[in-house]
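To keep things simple, chains are lettered A, B, C, D, E and F as they appear, and every chain counts its residues starting from 1.
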Amino acid sequence: MGGHNPGIKLLDKDGKRIDGRGLYDLRPIKMEIGVLKKADGSAYLEWGGNKVMAAVYGPKPVMPRHLANPYKAVLMYRYNMAPFSVDDRKRPGPDRRSIEISKISRDALERIVMTEYFPNTMIEIFVEILQADAGTRCAALTAASLALADAGIPMRDLVAACAAGKIDGKVALDLKKEEDNYGESDMPLAISPRTGDILLFQMDGLLTKEEYLESLHLALEGAKKVSEMQKKALKDKYKIETLGGEDDKV
Amino acid sequence: MGGHNPGIKLLDKDGKRIDGRGLYDLRPIKMEIGVLKKADGSAYLEWGGNKVMAAVYGPKPVMPRHLANPYKAVLMYRYNMAPFSVDDRKRPGPDRRSIEISKISRDALERIVMTEYFPNTMIEIFVEILQADAGTRCAALTAASLALADAGIPMRDLVAACAAGKIDGKVALDLKKEEDNYGESDMPLAISPRTGDILLFQMDGLLTKEEYLESLHLALEGAKKVSEMQKKALKDKYKIETLGGEDDKV
Amino acid sequence: MGGHNPGIKLLDKDGKRIDGRGLYDLRPIKMEIGVLKKADGSAYLEWGGNKVMAAVYGPKPVMPRHLANPYKAVLMYRYNMAPFSVDDRKRPGPDRRSIEISKISRDALERIVMTEYFPNTMIEIFVEILQADAGTRCAALTAASLALADAGIPMRDLVAACAAGKIDGKVALDLKKEEDNYGESDMPLAISPRTGDILLFQMDGLLTKEEYLESLHLALEGAKKVSEMQKKALKDKYKIETLGGEDDKV
Amino acid sequence: MTKFEDEMLWNIKSDYVHRLAQQGLRVDERGQFDYRPIEIIPDYVTRPAGSAMVRMGNTTVIAGVTMDVGTPFPDTPDEGILITNAELVPLASPNFEPGPPDEDSIEFARVVDRGIREGQVIDLNKLSIEPGEKAWMVFIDLHVLDYDGNLFDAGALAAMTALNVAKVPKYEDEKIIREEVSMNMPIKRQVVETTFAKIDDFLVVDPVLDEEKSADARLTIATTDDGYICASQKGGPGPIKVDEIEQMIDLAFEKGDYLRKIMKDAIKK
Amino acid sequence: MTKFEDEMLWNIKSDYVHRLAQQGLRVDERGQFDYRPIEIIPDYVTRPAGSAMVRMGNTTVIAGVTMDVGTPFPDTPDEGILITNAELVPLASPNFEPGPPDEDSIEFARVVDRGIREGQVIDLNKLSIEPGEKAWMVFIDLHVLDYDGNLFDAGALAAMTALNVAKVPKYEDEKIIREEVSMNMPIKRQVVETTFAKIDDFLVVDPVLDEEKSADARLTIATTDDGYICASQKGGPGPIKVDEIEQMIDLAFEKGDYLRKIMKDAIKK
Amino acid sequence: MTKFEDEMLWNIKSDYVHRLAQQGLRVDERGQFDYRPIEIIPDYVTRPAGSAMVRMGNTTVIAGVTMDVGTPFPDTPDEGILITNAELVPLASPNFEPGPPDEDSIEFARVVDRGIREGQVIDLNKLSIEPGEKAWMVFIDLHVLDYDGNLFDAGALAAMTALNVAKVPKYEDEKIIREEVSMNMPIKRQVVETTFAKIDDFLVVDPVLDEEKSADARLTIATTDDGYICASQKGGPGPIKVDEIEQMIDLAFEKGDYLRKIMKDAIKK
């Protein structure tokens, strides 16, 4: 954000973006569920150039114990970038950005996960960004929802996320790295698709009220599309397992 | 300390100091009691160019619990400089100097506070140096005593502090920043005014025995003057509150 | 290791090493037992240019408590280099190398110390490298064994350690600093002398299978010699104390 | 008070806040979209290049702006550097603890930072000294003295006031001469932040601590004096609706102009 | 599961592993000296200069090789610098915890590092840029995604594959141009590591987690493609015998050639 | 011994120390103002530029002086830099714990440092290499091996002895040549510290650990060989009186001369 655009054109004369997408197109998304053996639930997500792995552990005993809540499970969320996920090596360990993202992502899931079913326990969500290409917090939260489902944690809904931004003066969906670096705004958002409730919401950049609302509605539509893909991925996974089960019976 | 005086005169031909004071004069001091809402007790102190805020919390449960003492309250003292309190930004967080000052200040208050009244609890004293102009540890301890009184913590006495130093070869009371930087010694001291007991005492610089004793007596006199101001500030505060109470009755 | 040898000859034309030793000679070793007052057991070791102090505390209550094991004592081992133990000042505190050495040294002692006699306690072993001249982990472990014996901790055997390496193409026992810096391999090893069991074992450098096995057998022989010295040191210490006891009776 | 008593007391308070909200009322009897009384003292401390104390009701924040010289970032070789830091010192609240910044102080610093950075408040090009080699670093340090809710608005206001009164010192012969001024801080835009709390379905501006802790969600919107929104941040576990966001944008501009006027008046004095 | 239940369960598992070992059997019915199925994906992630994912049974490790420019060490002014780091991120195992590297991840990083360093895998002289002033720094970052034992062999294999496919970027006008390649990573030797676990007196290669945790001792031997042993590391509280070491050396060379062949095939594709 | 037993035992010890003090006696039957036997071994370790071991009764401290080259502070461009660090390694006492320096080791380092710094022991101007660019850094590292009270006096004595025997290495072509000596450490003054403990109203010099822990207050006075006091530090919760300070100053000069003589004799040998 902030106009460090050294004369780079992000839209061509036909209004196409640098990877050929139209303004309102998502990047290709691939979801795999149940990919790790040690975690209670897991999901792997490719979203454009992003590669994201999410794992869920729990419900399990709370450590340290004094953090336990007698009314509900404690939710932990850790967003972490691998050192090799970006061009310049990222120093290992949490930085301020990761800590903030972890906080607002945990907030977004807090009332979706039925924590009241598991008092005095904790549910840990770990997301590793293996390759980063803008929009990682949305990809991470989307993958985390699938991992929670895979872990069999009861949820009120399946959280889906997407971002919108502004490039070369136009509002556009789902920015990639170069668009994010040289673009004019970023608005990541996560929703509960059943209700349309907004669970995670941030914006930075310079936007008029009109552009702001256009971004908001565009990101909402994007998140809904992502939600459909999540449902399909879960259904496919479920179908295969069910078929497998039927095979056994035959 | 230590003679890095690049030809700077700290006394003029009439023996006046750079801010016009005589050798044995204190800088102007202003005390306000009960200035913070969240703390159990608080005091704000301006002492020359120093601006200091002290707060007291407690008696409260000890965390972590294994630090609790079944015979008395545990006293905590944290002296902290705000990043903007000095010319070059101070990195946030405790440095070695702050840790040492916190230790000896806590020692100074340890037997003054009637900790035996509050077994298994802790009393926390926090002092923030908002603007520093030499003598901050004395200002901090003086403010802390007022905050303890404001919190209603029973004490054997009201600790008062002051420093003496040596500038251009003469012993002088209550050095300010430039005098401290280019002066030849610093002797901060805190007393229990009722008994004249010395509770905090340090010296650095090069002094003969005679200069040392002269500094000691001068700092003692300074602390006694500070003590008078403390009493007046408490009395004024008390009077106002009492008057307020009477107004209500009328 | 690794061939940064700037034309330095480590063997002269008669096959003698830079300090006059033959290929299979140990450096002079001096052992003192029970040299510290506060520790429950201690030993001081000079091994060539190495000066090493080991202390043992325990069995004592485990802190933090949740680390306690109801079946055996928890063993702690801390290898630490003093800042002045090497030419360039070593920053205080554990580095990655010290942490690794501490881990494998603790492993080496784990089944030698009869930890099963002291459930719910911990035994702490601290070794300070005061002066380093290659082979410090072997010297540390050798000293730690003596300190454990001095503390009266029951052990299945007295662990002894020694290293072998390769200099100027020849396998040699017990390298010193310059040989280690410009040599071609290092193989530290610790044994239980009664059984010949290998308890600690590492190698780095480029060795053929033949050189590797030659190093292994040479280091083993070295450790056995060190073991004899340990026994003698304990016997001398014991004899003196017994004599002292008899003197009292006379 | 034990932790258990503390939680009991807190539940009672939270129930009270929610019951009031259902009747459209607030704990301190304020109007739904009214700020608490605001006091701004520019140049509150004089060691740094600029400073301000802001009191918003019982919330007190000091901002200090310190200038140093450093190496510019490789991708912006001809620009100064902005660094924002916040310390929730334990003096300010029984719930703040000594130690390195936790997630709350990090979020606080980053939300204030984003408003100023994305709003392009400082003309960073004017803070270049030698392109690629040397540039001014602007440190904004937020120090909370008394914490009764809504740190974001109070902190942003303190930071903006401190920037407005800050002076850039002279830099000669590789040395900073703090006693001499080379220029005023180059300010391009006036940015303030407005924070809403949502308690059940009741939206309020400038929540006090009891409201903030009871709230289902929080939304902060940063606005500029030339009609832009330059940052937003939702917090809290509860949801917000699209139409609520639309309503809050309009209010944020209105409240933003109010805050900017107070700040301008305080600086003029 | 409570800590107590966890320990109970673990004791039962360990008994089972030992009972099997006494009959010469393994928990997953593998042959004594067989590796689990190995999958190697070179260039798994594309941001770094080189990368690889290795799956060894259910153990999954990613290695990333990142290039940066720094000052060479004073005693090797004309050589590049190798730095190896490992993170046992909590995603990979219920027993890994967030926080700075513990002794296990430090040992892991150092054992992989030693194989590569002592085996003189990288021609560090070719990574000098300006003697005494500037040289390439090669960061190897090991990221464990799924932990089912034998990190050392999987990590070394991932690191070596990543080095084999890594490209050194261009360096011009004091800047790294990551989009352009100046040369392949200069590789002199192919090093892999082979780890044995000793369960009672039963030696096995490539232990799964249950074997690793039940084992009395562990020995890792790094071999080169030209017949050298370049690193060894014993772990665990139990003893090993001289004749066991002799046996493991021969096996390490045999298994090393097997691993090198798999790696070569994976890279060729 | 549990923490509770430890505290019980400690109360008994403290009572004993106080009862003795009331009769003018000490736990080790020493005279009120006598030091314990002192042994000084200069050059105890030979890696650093200078070193010394000091045994004061059962308290053992090693000081090492290491030389490095760094950038002088901006306000003293033509002076070397003095840095003092202390480690209370857990080997020395059941009450020392591993980890970063705590308030006790920080106070210890700073009190030793102040004596040497304020006493202007080192001629820092002679340690300038290139004004404003390069100067010698003198690191004094205090390592406690056995802790039986009065670290300050033992540590200051070890540091001073190490400085007296320290050599400044050669510095050529931007490199430190540690094998060659350019000069002796430039020493201007001999400073030692004398510590008193006040047990009820009984003042003693050089307290052992049991006295130190039982004492109401502690006062350390650093004196120079040319008749100055250069540092003082009170510790402990109890008060001291003005007349007690006056008495201790005279004793500090007397004891200081005694310590300086022992040090001189030890160095001469």
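To be clear about the criterion, a residue touches a chain if its C-beta (ideal position, glycine included) is under 8 Å from a C-beta of that chain, and two chains touch if they have at least 3 such contacts.
Fair warning: this is a prediction, and the values are worked out from it, not measured in the lab.
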From chain C, how many touching-chain steps at minimum until you land on chain F? 1
Of the other chains, whose C-alpha centre is the longest way from the centre of chain E? B
Listed pair (B-D, C-E or A-D) duplicating the C-F contact set, over half by residue number: B-D
Roughly how far is chain B from chain C, centre to centre by C-alpha average, rounded to an integer in Å? 52
Could you please state the distance in Å, as a whole number, between where the Cα atoms of chain B are centred and where those of chain F are centred? 28
Using mean CA coordinates as chain centres, what's the gap between chain C and chain D in Å? 58
Distance from the mean Cα position of chain F to that of chain D, given in whole angstrom: 47
Going by the contact rule already set, what residues in chain F reach two or more other chains? 3, 101
If contacts are counted as defined earlier, which sequence of chains do you get going round the ring from chain B via chain F? B, F, C, E, A, D
Touching residues on chain A, where the partner in the complex is chain D: 1-4, 96-97, 99-100, 102-104, 107-108, 110-111, 187, 192, 195-209, 212-213, 216-217, 220
Quick check on the complex: what are the chain A residues that touch chain E? 36-39, 49, 51, 53-55, 57, 60-61, 78, 80, 82-89, 92-94, 124, 126-128, 130-132
Touching chain C in the complex: which residues of chain F? 1-3, 44-48, 51, 58, 60, 62, 64-66, 68, 85, 87, 89-94, 98, 100-101, 139, 141, 143, 145-148, 178
How about chain F: which of its residues touch chain B in the complex? 3, 75-76, 101, 103, 106-107, 109-110, 114, 117-120, 219, 224, 227-242, 245-246, 249-250, 253
